[in-house]
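Below, chain A partners chain B and then partners chain C, in two separate complexes.
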Partner chain A sequence: MKTANLSASAARLHRKAMRKKYLVRALHYFVMLLVALITMFPLLWSFFASMRSDVELYKYALPFSWHTIFPVEYTFESYRVVLTELGFPRAAFNTLLVIAIQIPFACLINSIAAFAFTTFDFKGKNALFAFFVVSFMIPGEAVTMPLYQMVNKFGWVDTRWALIVPGIASGLQLFLFRQFFADVPSALIESARIDGASWTQVFFKIMVPMCVPIYITAALMIFMGEWNSYMWPLLVARREKIRTVQIMLAVVKMEHITLWSCMYAGAVLSVLIPVALFLPLQKYYVEGITAGAVKG
Partner chain B sequence: MKNKCAPYLLLLPAFLLICIFKIYPVATTLQQAFIVDGHLSLGNYQRVFAEKTFWKCLEVTLKFNIVTVPLQIVISFLMALLVSNNIKGAGIFRTIYYIPFAVSITVAVMVWSLMFQYNGGIINSFLSIFGIPAQGFFNDKKQALWCIVVLCSWKGCGYWMMFLMAGIKNIDSSVYEAAKIDGASYPRTVWSIVIPLMKRVFLFVCVANTSSNMLLFAPMQLVTEGGPRNSTNVLMYEAYKSAFRYADMARCAAIVSVLLLILVAISLVQFFALGDHDARDAKKAAKKAARRGVIA
Partner chain C sequence: MKKLLSLALVVMMLFGAVSFASAEKEEVTLVIISQAAWNDQMTEMVDLYYQETGVRVVLENYSFNDMLNTIEVKIGTGSEDYDILMVDIPLVSSYARRGMLADLTPYFTEEDLAMLPSAAVTASTYEGKLYASPICNSSQVMYFNTMLLEQAGVDLSELQNATADNRVTWERVAEIAENALQVLDPDHSLGIIGMDFQQVDRVYQMNQLPNSLGGLQVDETGFSLDGVLNTDAWKTALTWYQDMVKKGICSRGITASELPNYFYSDKLLFMIATNEMPANFVKKEMDHWDCMPSPCFEGYEDKVATPTGSWHLGVSAYSKHEDEAAAFVKWMTCTEEATEKFYELRGMLPVYATLLEKLAADENTPKNMKIAISESQNTAYPRALTPAFNEYSSVINAVWSDTRNGEDVDETIEWAIEEFEAQTLKYKN
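And then the complex of A and B:
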């Protein structure tokens, strides 16, 4: 009798605990979903708004109804305008061209410098490394104005040089490469040297293949940075022939203030490419940038 | 390994590029700020400090940062807690939370400024459900700055979450188990165990976040132009206007250098508040602080 009672109350307690656990879990999902909704809302909204006419957007704004968000009539007119009249393809090509040139140079120049730090002992090594670390503590925005003056002296304003060259060397990338290269066992390099491999061979046959992930991180960082960069191109690439996606969008925003659906379409198109690239490769990005912050 | 010239040759390209495009512009800033008519002088600072505009901009800058930095860190941390456990589907939510980071500031500003429109903006449509009259948002001098805070937090929180999540994951799971055995509640565990163990990551995020928000001015440049009535006129935007609208590089240099000084001072305060009072740790933290370059 007593034991039966006990086990019954134990079962009740267990049920209560389980119920609490499920409740907490349900709440957890609910909050996650809510945050996701807030996060995604501006983009989803842009997506739907880009597929309707400006008249419709305006007409259904008030009072709030289903059609405030969802189109009555789907139209791709705004995409046609963005792709043909507003010059999105040209701007996208310009941006991709800059990125395509910058990535190999940046990867090579920053990674060989990192290679020097991890493989060799030389006079002034620590001082030089400190130099690179300090260089990337200087926020890029702070040097924008004097950098513009200098680039202007070179005669690079409104040329692609100004977009490509200043962004190549980066203390941050060097730092990331160095962290990765440091994990390659030195015995491997030594034995390759004994077998008669040149330093060039050691670098291209051992270091690069072993450190592919960090090259992906570096390339992705450049891609995201350049594709989304706004302030610098605004100063040095205003000419229509070389202007980048962000500048094109800013021009649309400033000059065609009434073309709402076109702005939304431009936003959707310009977000699509970095997101499509970022999502499958996010692991590399996150690991790359957080490695230093967490482990020091 | 020893080799006389190889390391220097490998470092040369990166070194030269950084000297030209980073160090030299900083040197120019200092030179322009401190030299008046060929003489070393504090004249530029005297001129700037005598302006009413400067103090108003400083006030706006500080107001913006005092709200934005803690807000973003708290939200990012809560988001990180939400998705850092192994609950089913957390990975998908994590990815969703990252997405705004892949959106450029231009697009973020464009989409949010359309959403914040007085007439026909979706946010006013939402507010109408609750019977709230249409708000001015970017056109209201009391609201414009806070609209920028919302916009930046939407874009930024996912990014800072990456670091905080890496920090949470870095904590040994036995720590949680021990807390559970001791009967500590979840909030208690987070407050007394997780947060203290993540001091370093918090320090990094604090410093990097402050630095990126202090120098932010794209939203002001794109939507508000510092207005209405200078309510969003941050120092960096004033510096930008100095250089490109008033062609007054000396004033620009003086403002930027004051801004950098404030930044260094705030970072130091954060080191003392959050860092371990240990020289080596401070050095490591400085290295971490340096990684903020990603955002630029």
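And then the complex of A and C:
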């Protein structure tokens, strides 16, 4: 009898513990869902706003109701305008072309420079490195005018060169590469050198394969930077044929009127491509960013 | 030998003839920095110009905000790629002072200028020289939502019969709006706005309130607001506007790019807006509206001041084709043919005298355009004439914005005077 009571009591305790566990887990999921909803809300809002007319958008703004977010009449007119009249596909192609050319050059040049800073000792190394690091702390707008003058003198204005070349050398990427390379054991490089590997072989056969995450990180950073770049392409891409996504999207804001639903449609479309790229590669991105954060 | 020499001579002559012919055929192509929103109409205009003169004009389009930044950087750095600029009128003196615009005085005769509004010519003139010519003008009209006002039981005849000589007062508009809101949205849960300004918290439209009380834009030097803002006219206007916001008649927190949407969506009763607005009403299928002239303040019926000024064309100081560019500007802004065509295409308030007369006399001219023509000829009040217009507008915009958000009016005025003083020091040294 006593044993039965004990086991019943144990079962009760177990059930209570399980209930508590499920409750905590449910609470956990609820909080996560809430945070996710809060995070997703602006995106969802943009998504649904892109499928309704401007008039409807404001008509149902207040009082807050189901139709404040969800359209009464779904329409894809704004997508039609963005994709055909405003020329989103061409602008997206232009942006992707610039990025596709810029990424390999930027990764190569910045990582070679970082490799030199990590591996070799030379006079003024620290001062030169500090100079490069400071360069990425200067806001882009501050150097716009002199840079434009320089690019204009080269005759690059209104060509893709002006969109690609100035973005190749980057103090930030050089810094990231250097931090990552600094964590590679020097014994590896020394043993390769002892085995007769040239510096080029050391770089391409040891450093590059070992540092894939930082290359992916750098590539993603270039991608995001160029995809969202606004002021510089605005100045140097004169012809509509070579204009980039953000410049194309800005056209919806006119002097007396803003095409809100087109703006939302453009925003949704311009988010899709980076997200599609970012999601599968995000673990490398995090790895690359945190590299060198902790010295062990 | 003789044969050889003759042959050489013939060859040389042929070359000469060919090069002469090619020089004759050399086409001038002008590049104009233009607004993307005007692309269709401007394309037709430049095509027409090409047919008439053989001079090709290429449009380089930018969105409204981008165009101003682009001009600052490109012309500011002496780029020779551009010949003609679309210039927002208050920026003429700023551009001229910085040597960005070519002097157009030699290209325009007295007779030419007599065909343009004197306010526009004055605003385009800096230190006695003409730097731009107006392509269009603008004025303000008070639009009202007839459906909502009728639902609120407002007798529209008072509004519909208002004329420039018999205006409805601001106080009366506020009263009508307040009463209508009591019926339509007593607890403000529907978010209906009583009355507002299309370009809320921007110099262009908001300054009409103090200007209509006798207030000035800026002092004579163009670099000080002392004796301008700290006057009864400005204090009364700012306080009145703040009261309107506090009472919930005017909106708070809505930007200029959003505000017209409230009118199209039946969420705004009265809206002061540009005369071009009906084109947007058509696009948004908003057909229950009417309009009347801008209101006046009680006791200041003779002081009505309406915003004016719009886009001008100027020639870049770095253009390699100044003569051709000036000829295009003159054709576009100062010929009956081009101004009529542009009006037909874009419907903006024209500036050319004969066209204005024709439109004023035409029974088919829309009501909003007739009001705008009348205002542009009688009550138009130009924006501040100062080379520091960028600084001026940023300070005054902040004054309107802070007032709207409930800042103390006197403190805001004091701050603005000091801030403008500080920001214009660079022009004085």
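Quick note on the criterion: the second predicted complex is superposed on the first by the 215 of 296 C-alpha atoms of A that agree within 3 Å, B and C clash if a C-alpha of one lies under 4 Å from a C-alpha of the other, contacts with A are read in each partner's own complex, and residues count from 1 in each chain.
Following the convention adopted for this analysis, contacts are C-beta pairs under 8 Å (C-beta built on N, C-alpha and C of every residue); 3 or more make two chains touch, one makes a residue touch a chain.
Predicted, not measured: the structure shown is a model, and the values here were computed from it.
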Partner chain(s) touched by A:T118 [first = chain B, second = chain C, both, neither]: neither
Touched partner set for A:T159, first chain B, second chain C, both or neither: neither
First, second, both or neither for A:R238, with chain B first and chain C second: second
Contacts of A:I168 with chain B and chain C, given as first, second, both or neither: first
Partner chain in contact with A:T75 - chain B first, chain C second, else both or neither: neither
Which of chain B and chain C A:V251 touches, first, second, both or neither: second
Chain B versus chain C as contact partner of A:W260, first or second or both or neither: both
Greater residue coverage of chain A in the superposed arrangement, chain B or chain C: B
Chain B versus chain C as contact partner of A:V55, first or second or both or neither: second
Which of chain B and chain C A:Q179 touches, first, second, both or neither: neither
On chain A, positions contacted by chain B and by chain C: 57-58, 61-63, 144-145, 148-149, 231, 235, 250, 253, 260
Touching residues (chain side chain A, partner chain B) in the complex: 25, 28-29, 31-33, 35-36, 38-40, 42-43, 45-46, 49, 57-58, 61-64, 68-69, 109-110, 112-113, 115-117, 119-122, 125, 128, 131-150, 165-166, 168-172, 174-175, 189-190, 193, 199, 221, 224-225, 227-231, 235, 246, 249-250, 253, 260, 263-264, 266-267, 270-271, 274-275, 278-279, 282, 286, 289-290, 292-296
Residue ranges of chain C in contact with chain A within the complex: 35-37, 60-66, 69-70, 73-74, 76-79, 81, 189-191, 198, 257-258, 260-262, 264-267, 273-274, 276-277, 280, 284-286
Chain A residues within the chain C interface of the complex: 54-59, 61-63, 144-145, 148-149, 152, 157-158, 231, 234-235, 238-240, 247, 250-258, 260
Interfacial residue positions of chain B with respect to chain A in the complex: 1-4, 6-8, 10-11, 13-18, 20-26, 28-29, 32, 79, 82-83, 87, 89-90, 93, 95-100, 102-115, 119-122, 124-126, 128-129, 154, 158, 162-163, 165-167, 170, 200-201, 204-205, 211-212, 215-218, 221-222, 236, 239-240, 243-244, 249, 252-253, 256, 259-260, 263, 284-294, 296
